[in-house]
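What follows is one structure encoded as structure tokens, with my remarks underneath.
Per-chain numbering from 1; labels A, B, C and D assigned in written order.
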Amino acid sequence: MEKQYSDNYTREELMAIEASRFIKSTDTVILGTGLPMVAAIFAQKTHARGINFVVESGSIDPILPSVPFTVADPIIGYRAIKTGSLREVLGCLVQRGLVDIGFLGGAEIDQFGNINSTCIGDPQNPKVRFPGSGGANCIASCVPKILIITQHEKRRFPAKVQFITSPGYIDGPDGRKKAGLKVTKPEIIVVTDLCVMDIDASTGRLKVTKLMPGITVDQVYQNTRFRPAVSEHMGVVEPPTEDEVRILREEVDPKRVYLKDCPKTPR
Amino acid sequence: MSKVSKEVKVMSAQEAVERFVFDGAIIGIGGQNVSRCAVALAHEIIKQGKKDLTLTGCNLSIHMDLMVGAGLVKKCESGLGGQGKFGATFQFKRAIEEKRMEAEDYDHLTMVSRFLAGEMGIPFIPVRGLMGSDILNYQAASTKKKFEIINDPWNQGEKVLLVPAMEPDVTIVHVQKADEIGNVLIQGIASHEPELIRASKTTIVSCEEIISTQFFRSNSDYTTVPYHYIDAVVEQRFGAYPTATYGYYSFDADHINYYQQCSRAGGEEYKKYLDEYVYGCETFDDFIEKCGGVKKLNHLQREMVRLM
Amino acid sequence: MSKVSKEVKVMSAQEAVERFVFDGAIIGIGGQNVSRCAVALAHEIIKQGKKDLTLTGCNLSIHMDLMVGAGLVKKCESGLGGQGKFGATFQFKRAIEEKRMEAEDYDHLTMVSRFLAGEMGIPFIPVRGLMGSDILNYQAASTKKKFEIINDPWNQGEKVLLVPAMEPDVTIVHVQKADEIGNVLIQGIASHEPELIRASKTTIVSCEEIISTQFFRSNSDYTTVPYHYIDAVVEQRFGAYPTATYGYYSFDADHINYYQQCSRAGGEEYKKYLDEYVYGCETFDDFIEKCGGVKKLNHLQREMVRLM
Amino acid sequence: MEKQYSDNYTREELMAIEASRFIKSTDTVILGTGLPMVAAIFAQKTHARGINFVVESGSIDPILPSVPFTVADPIIGYRAIKTGSLREVLGCLVQRGLVDIGFLGGAEIDQFGNINSTCIGDPQNPKVRFPGSGGANCIASCVPKILIITQHEKRRFPAKVQFITSPGYIDGPDGRKKAGLKVTKPEIIVVTDLCVMDIDASTGRLKVTKLMPGITVDQVYQNTRFRPAVSEHMGVVEPPTEDEVRILREEVDPKRVYLKDCPKTPR
């Protein structure tokens, strides 16, 4: 049966769907809020039904009928297998090495996949203060596969972040090993509204592997302060099917908590 | 002197804060984001003007922001300051940017590990995170020694990061149920609170309901923290409002948004918020009344019931 | 390959031991003294003759003694080997005195701290005990590095003892309830088992009853350990007999005393016990039948009910 | 009102009652089995009603109607405030410093209050193996007041134990400090069928403070391999009242689980 691609979807939606494609049915996934939650719940409702979520605040494998508002939204424990504690999730699962995939985000991501969610300017004297790490640092440190969904803006993609809150490859292929991190070569996949990048473990740097439909490599360059390598086998991100868009809008985020740009579901 | 008391510990928020919170104290705070923040106790600390406080926890949220906004906090030592989808904790953000307050950044795992070391009575604990991050390259001026890296005695060539135990002087938490001697039942997600409470030198717990000790003795598998760690029990319905208490009421997005608007604006507008909603309310019940009273609460309770 | 499985894990004790226990394995054992010892699983390990085992836990009791008596154990690494008022674990005692088995002594706090380090994924942890004791002056020949003492980076002049994480290859525990994907509910005292299970590379759990996953999803505050850590679920009523399972049945003093008599005598008399009660029972149900069957069980159940 | 002393009690009973006198109503006490359990439950039923027990296996403040059989006896959790875990009791209470009194016992106790419950003979090559530490070492290390109830036999009181399982003062007044223990000067009280001894903190050695009724210092010397100092103000252990004996026999240990030598309660 041929796929019925949709021609009615937003960039945000395709980012979430593309990110979801990196999740397998057997994965244990630690979730934050925002588009990652959309991507993960979408995966669970489509190709990865066996997936189990954990949330830093202590919820283990809840059944999320649709996207929660925050990681501490009371609904985050809905029909969970266990409503436990932060220690059980970040300590006994993430740090213990039992989580397969972590979603992260931040104000800046650099060519080594390092993330800044702490501040802009001299950290002793910050011009702009962000919230800080939360659970992100430990996820970046301990989880072997990191997914990042973000808008592709120049200021978000500097050559070097002003503060490494969550380490990527730090300063090159052996950066994590030198720093003493146990997970030395994680997969890091960045899904933006322009392209998909992942870390080339041999260089420790991001490389463009796929472009969003209609986007050129030049557009990526123009919106990135470093010059990412590009794959020899550059692909194009597969658009969503009509069914996928429907599931996203009607089941995953019917209240448009995160999918702001797409039309409201007619009721 | 025994360290543990089985006496009745029920008192008003006012009395609890007078007795256990002091200027310069390190205050552990429970709750996370929009859930079970100890707002009633934070209001009382603000009304009593306890100052030079250090606040510590994992996700410091609106209760932290209120105390910072009231000018009582000299340092935050935590995993994060923020309110998720509701945006920044603007008083926190501004106090750091304007250098009126120190921030000592760790991450959530490290903070809960530090409380774990505290509750276990050990001086430090290893964590697998933070290495390679700038969290290790910067520390607040008042912090003596943020971490130590040693060689792993069991795995040659491997480095291990140690962080010090954290034992707050007094912790404030809001929970669903407690009895009059201080047994605590947290329902739903427990966040960092079991470790935080046991690590603290004293703890004030506010609760939705005081239940019988017999309940705990008949359901002893479910007790979150026994009375050994608790110094004051404050009965305060809706004590986490405008944040949620699982099983009782949802968060009030309207009031949080209004708070955010005032906090973001700062200056006179923020001062007006404090005057109106904190200083201007003799009791926390008065605050709830001002925010919509019974009607509002019925609505938030219905929202919670729908989730359960 | 994901490390965590949500598949149905129900299997027979025979299959579970065949798949997960191997010669030379470090085996974590749950239960304490006369409570919730994983006797059914120990019987199965003995029947399959898994050898060169290292047993680890806090209070190693009759299940340990049986495996030692069957000649399968090369080392015990634990807080204690004994049965309280029922006396020594005589096979353990004799195997050490006759130098047929190594004993690596720690204490209970240290062992549970080592499991805590294991479940947290950290390489070691400080403990406040053991210093000044001979427990630090002796170690088994096969132990590489029992402990390390370092200077406390936060408290000048103070020494701190570190002990290594313990991550057993496979843990055997008996619990009240589990579901088919491996969620575990321990009722009553949990001893060292939450940490032990989460620290282990694999875990076989035997249970009195398999209950629905829906139970856990509707009572998610009560889950002791989620399925993430469990590899096999064996339904075995009375699986801790002759020790007790809280809420189900008391311990059988008569059978334990009889076992002690055989174990103390040793030699042929002990061999006869094993032949009769372990090797000679095709299933654990056959063993129960031989020990008094329904009548005995009814009695032990009544004794438990009286306690509740 | 004058006390009605009993003249019908066993040595075991007086040992338990004398030990109980060191417990106050506000104390948190960690219990093992045997006579300590008799002493502690007796204290709770008489002068120390506010006492709370904890038991290593995870029971916090149970209501023990009478003496349990072992620390893992299912009754040990009866009407407890919390049936928790070993970590919560030995870690978060004992090691955390929240327990006031610990009971210990062992095969040997020496002049420094060190206890051996591990082995006789070369520890690498033991002639007799005992159970081992259990929770005893951490209690001896972390609790500021230790009570020991034991028969006074020569072999039980050597000058130096063959194996220090649970440290007393190790080798003198500064022994614990040198070893790195945080509790440097615990009270250690030994109640035997001949006398009561406690550690003189200035010497780090046991000193006889009271004699059991009818016992002489010489009898103590004859049954001790070291020569304990004796107090200048030597006392005599107060005998039990008739009421105390009744409570002990009828309420605390009616089934004679531990009080073997005394007559069964007539029913």
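One rule holds in what follows: contacts are C-beta pairs under 8 Å (C-beta built on N, C-alpha and C of every residue); 3 or more make two chains touch, one makes a residue touch a chain.
Just so it is clear, the structure is predicted and the values come from calculations on it, not from any experiment.
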Contact-richer chain pair (by C-beta pairs counted) among C-D and A-C: C-D
Take the average of all CA coordinates in chain A, do the same for chain C, and state the distance between these two points in whole angstrom. 41
Centre distance in Å when chain A and chain B are each reduced to the mean of their C-alpha atoms: 29
Residues of chain C that touch two or more other chains sit at 113, 116, 120-122, 127-128, 158, 160, 187-188, 221
By residue number and range, which residues of chain D touch two or more other chains? 77, 83-84, 87, 91, 95, 142
Touching pairs of chains, all of them, please. A-B, A-C, B-C, B-D, C-D
Taking the touch rule as given, give the residues of chain B at its contact with chain C in the complex, in rising order. 113, 116-117, 120-128, 144-145, 148, 150, 152-155, 158, 160, 162, 164, 187-188, 221-222
Report the residues of chain D in contact with chain C in the complex, numbered from low to high. 33-34, 56-59, 69-78, 83-87, 90-91, 94-95, 118-119, 123-138, 140-142, 163-167, 170, 175-176, 178-182, 257
Under the definition above, what is the set of chain D residues touching chain B in their complex? 24, 26-28, 50, 52, 60-61, 63, 77, 79-84, 87, 91-93, 95-98, 100, 142
For the chain B and chain A complex, residues of the former touching the latter: 32-35, 58-59, 78-86, 88-89, 92-93, 96-97, 99, 103, 105-110, 112-113, 116, 127-135, 137-138, 149, 158-161, 187-195, 244, 246, 250-251, 304, 307
Sort out for me which residues of chain C touch chain A in the complex. 2-6, 119-122, 183, 198, 213, 216-218, 220-221, 223, 226-229
